[in-house]
């Protein structure tokens, strides 16, 4: 399905990125940790959203659970970071499995809406849990050495992307795509849709939660507002959709580009960056509703007219 | 007595909640757009009422009527100039674009109105009266009445006027609008305009009860969203009823569990309703 | 051919419906229909539009549940078995409103059938592709192996729909109007294909409006009208039955 | 293919960031503050106070460190009221903008996470926006604060209760659920207990809440003598307005941790602001002598002249943060972060903000809260360790007001 070139390049990129802490400066590492974690989130979202087409606004639930699982394990039980990550990941996966079974019965928009509500509910619940520091949050021990966080984030992204690579060429991935293309037909052809959807959600939760755990330890502070942040979830969606949902490298490329653009804006025009962020979303939806990969294919075929063809297709 | 008063609080607040959700439910049900900028439009409406009140000295309730006309225009233009371009694309895209709109409107509001708190504070703002031993805050009572009246007006429009019939027909089938001799683009814009006007009214009433800041939008969107789902998208009175259910549930949660639990209750209700009876509440999308 | 129908009682029954009924909001779509399918039989199912044919297929396929009655497959009651499990048991179907996976290539579409069909399907991707290629060639789509499903024209989509079901390796195949919209030559080809499939031991339930095809294919024919079974038996006899002619053909005459 | 090339380019782009060139006679203070977003209303006090104080110090010729004269400069970023962003911006300030020292953001939850960055990079941060004790219980070495401990906010109020006639006996305690307000509630609870007062209603509400009717109904039913309230300014405004519309009248007293001293509060409520008690760690007075502004009055005047609104304790606290660096730098005689940190730990000087601007063992300033009340639209200091002015007490019910 995929040529050899992208793979070779991807490996090269990964090697270059792994070297950043040695030849880059602190800023690059800082930016890198954020960009890599965001790329991981977009890639995790891709597993469910890109392959099965189920638009989840509940991934921030798993991010929050990973965050809190790690934080609670480290602060209340003095467990090492590695164990904290596992705790966070297990909690998030359990939640994904338990919640996934009822809400993945919902199709399309209903599912998106239910997950949106789920995130609100989870934030509200956690902010009432004393063990999670209620609404105040938890302060984690401080660890110096951002290079470690950086390499961890990179490793996570690599593993997550390898997982997606495997999915894209496996029987498992065929099932997910079949569900996306037509769930009823897939069912009639022997695809156990519930099983595949729930496992995809659980896989997605796994990587999302670990990213949350890494972020928690790195930023040393978690609170419900930032752990269960719908905006973060929207960002995952935008990055994935921008890069190309259901592709292997699209979400990663999409999130790298958007992270870089946003970082430049945030430091150059500070306040107006938000406005720009909003405008970009609006314009992107109007002109490139099918994402970057479609944009590139479309632009190759028909140049700038591609943009207006999209409008013609979707307008009233 | 405390319980009775708290129920009353919940019901009165619920009326306003319902009005907030009314516009969202209309736009959602007819245009199939889940408008995440709805709360921002409520906020905008609040500011419009505030400025009319402050600069012309017009009574806030009269100002709401004026603001509804202005907000109708805003909504009409938004739909006609922007949202009409994407209504036929996937739901995800309408979610994203309205999220983007929310960000833009909030930013512009903070730019134009500053982050200062604004309150629509007519002389009678704190007035109250007693009934059956309960204290009834005047403004909240009035807000409740306005909410019911607007729901009734919307019901009348949708069920008794040709325009309303055309709108309802459109929600079933896009081409149907043409049968009524209306350009669907205009019809969509009018529908969104009505939704925005209702948001404007809700914003004005909200501004008389609580402070306006440019940042209230997101939480109001979430609230409207919950209520639109609980109340359903088809009948305005059910939406108001949904608001009242949420208002009462939140008030009782505050009484029995503490005020920090009100969100647990409303979001919990949302998820429950969706999981238990998804198709009852929403039309097939 | 007629012999098969006559010896049906002795042949092993693969599927049986006992008085199954389906109502939609009070309207009866299928009304207490009973029938059975013998192993390796071809049963033609005809009836005017809205007679409940597709509803019946949907109930056998599992996308709809009957309100009353029992469905048995190889002696087991399958009323509550979900569609994918029925596919694993060996029931495959085509959809009247075709449901190809539009974003997938023809090969991938068919491979899904091989990967998840009878007994849970083939576990190896390579083998599944192998199987898929065979069936694509078998149905005459060999030239379009790598085309996107949504790029196919009508007749090719029918073939794709057919190939997908075949790749599942079914024991029982439900064909819902696979010949609609095909020209004479194509119909003849399709009839030949179906005969070949039967020769491989598959049992078939064929819904069709093309009477010529039904006549030449079926061992038995069953007629539905307003959800009720009004006739069943030897194709020649059934198609000549005045009730059938009135219900089904008569309407067209007037 | 194309994707991968873009990725490679993106990777290269962030592998090669460039540091800022720095003039060698300028000391840059960096801060990430809420200039937009939900906390922008208070965030501006810090932006303005930082800017004003730095300008004033430079006007006076800058500061002498180790025999060399330096000017101060300010690098301020907008964290958009987003904690995650503020953390990233502090890192950016340190690593890419290469600021010398850090000033703080507004609010405890921000200070809580941002202080970790200061500690991580061992760059001193003096912050005037976070009062929660949580910030100081982590034994960080590089974080100092000019807001007194949140636990103690109601200390002077409760002390005053003992001297009031009639003495309030039953209290309703209402607090938001964020870091600062939970600290306030915790400390207040302990103090009320020690003063043998009864907490009849103890309610915590969700940060950002706009409807208090249920809580107010419970307070009304409990018929308390006093309400002690802790939260954010916008919530305080909503609380008072709804108090009036539900006709809730504590018999003697209602007080707020925030809001009362600000001009906004009085403007928004008009006459309904009267009688509300509050507290402030700072009032502009001539007794607070200051090296750069003369005294606190001079600061207040300069501030109002430049920005058009009155400063409150947030602003004064922010100004004190800048002055702390100025004084400590001169004392340390070096720009070395460690040396400056040690100097800050030892300083004790009179500023526009506090007679004794010095930091306790944990890094937090110790300063009493002055009880204030709005009387006829004016802010009047009432009590610090003795009565400063006569309180209008007990507060009249809503329907008995002019």
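Per-chain residue numbering starts at 1, and chain names A, B, C and D are given in the order in which the chains are listed.
Methods note: a residue touches a chain if its C-beta (ideal position, glycine included) is under 8 Å from a C-beta of that chain, and two chains touch if they have at least 3 such contacts.
On a predicted model such as this, the values are computed, not experimentally measured, just so you know.
Asks: Out of curiosity, which chains are bumping into both chain B and chain C?
Replies: A chain counts here if it touches both chain B and chain C, which gives A.
Asks: Expressed in steps between touching chains, what is the minimal separation of chain A and chain C?
Replies: The least step count works out to 1.
Asks: Going by average Cα coordinates, which chain is farthest removed from chain D?
Replies: C
Asks: Using Cα averages as centroids, what's the distance between chain B and chain D in whole Å?
Replies: 36
Asks: Can you give the whole-Å distance between the Cα centres of chain A and chain B?
Replies: Averaging C-alpha atoms per chain gives centres 31 Å apart.
Asks: Which integer distance in Å separates the CA centroid of chain C from that of chain D?
Replies: 75
Asks: Where in chain A do residues touch two or more other chains at once?
Replies: 124, 127, 134-135, 274
Asks: Of all the residues in chain D, which ones touch at least 2 other chains?
Replies: In chain D, the residues touching two or more other chains are 36, 177, 206.
Asks: Multi-chain contacts in chain C: which residues touch at least two other chains?
Replies: Residues: none.
Asks: Which of the chains are touching one another, listed as pairs?
Replies: A-B, A-C, A-D, B-D
Asks: Quick check: in the complex, which residue numbers of chain B touch chain D?
Replies: That would be residues 1-2, 5-6, 9-10, 13, 107, 110, 115-119, 121, 125-128, 135, 137-140, 209-211, 213, 215-216, 219, 250-251, 254-255, 258-260, 262-263 of chain B.
Asks: So in the complex, which bits of chain A are touching chain D?
Replies: Checking each residue of chain A against chain D gives 3, 5-6, 9-10, 12-13, 16-17, 20, 23-28, 30-32, 34-35, 124, 127, 134-137, 139, 142, 144, 219-221, 223, 225-226, 229, 243-244, 249-250, 252-253, 256-257, 260, 266-267, 270-271, 274, 292-293, 296.
Asks: Which residues of chain C touch chain A once you look at their complex with the stated criterion?
Replies: 61-63, 82-85, 87-88, 92-93, 95, 99-104, 108, 111-113, 115-118, 120-121, 123-125, 128, 164-165, 168
Asks: Considering only the defined contacts, which chain A positions touch chain B in the complex?
Replies: 55, 102-103, 105-106, 108-110, 112-114, 116-118, 120-121, 123-125, 127-128, 134-135, 234, 237-238, 241, 272, 274-275, 277-282, 284-286, 289, 311, 313-316
Asks: Which of the residues in chain A end up touching chain C in this complex?
Replies: Chain A residues touching chain C: 169-171, 174-175, 177-178, 180-182, 184-193.
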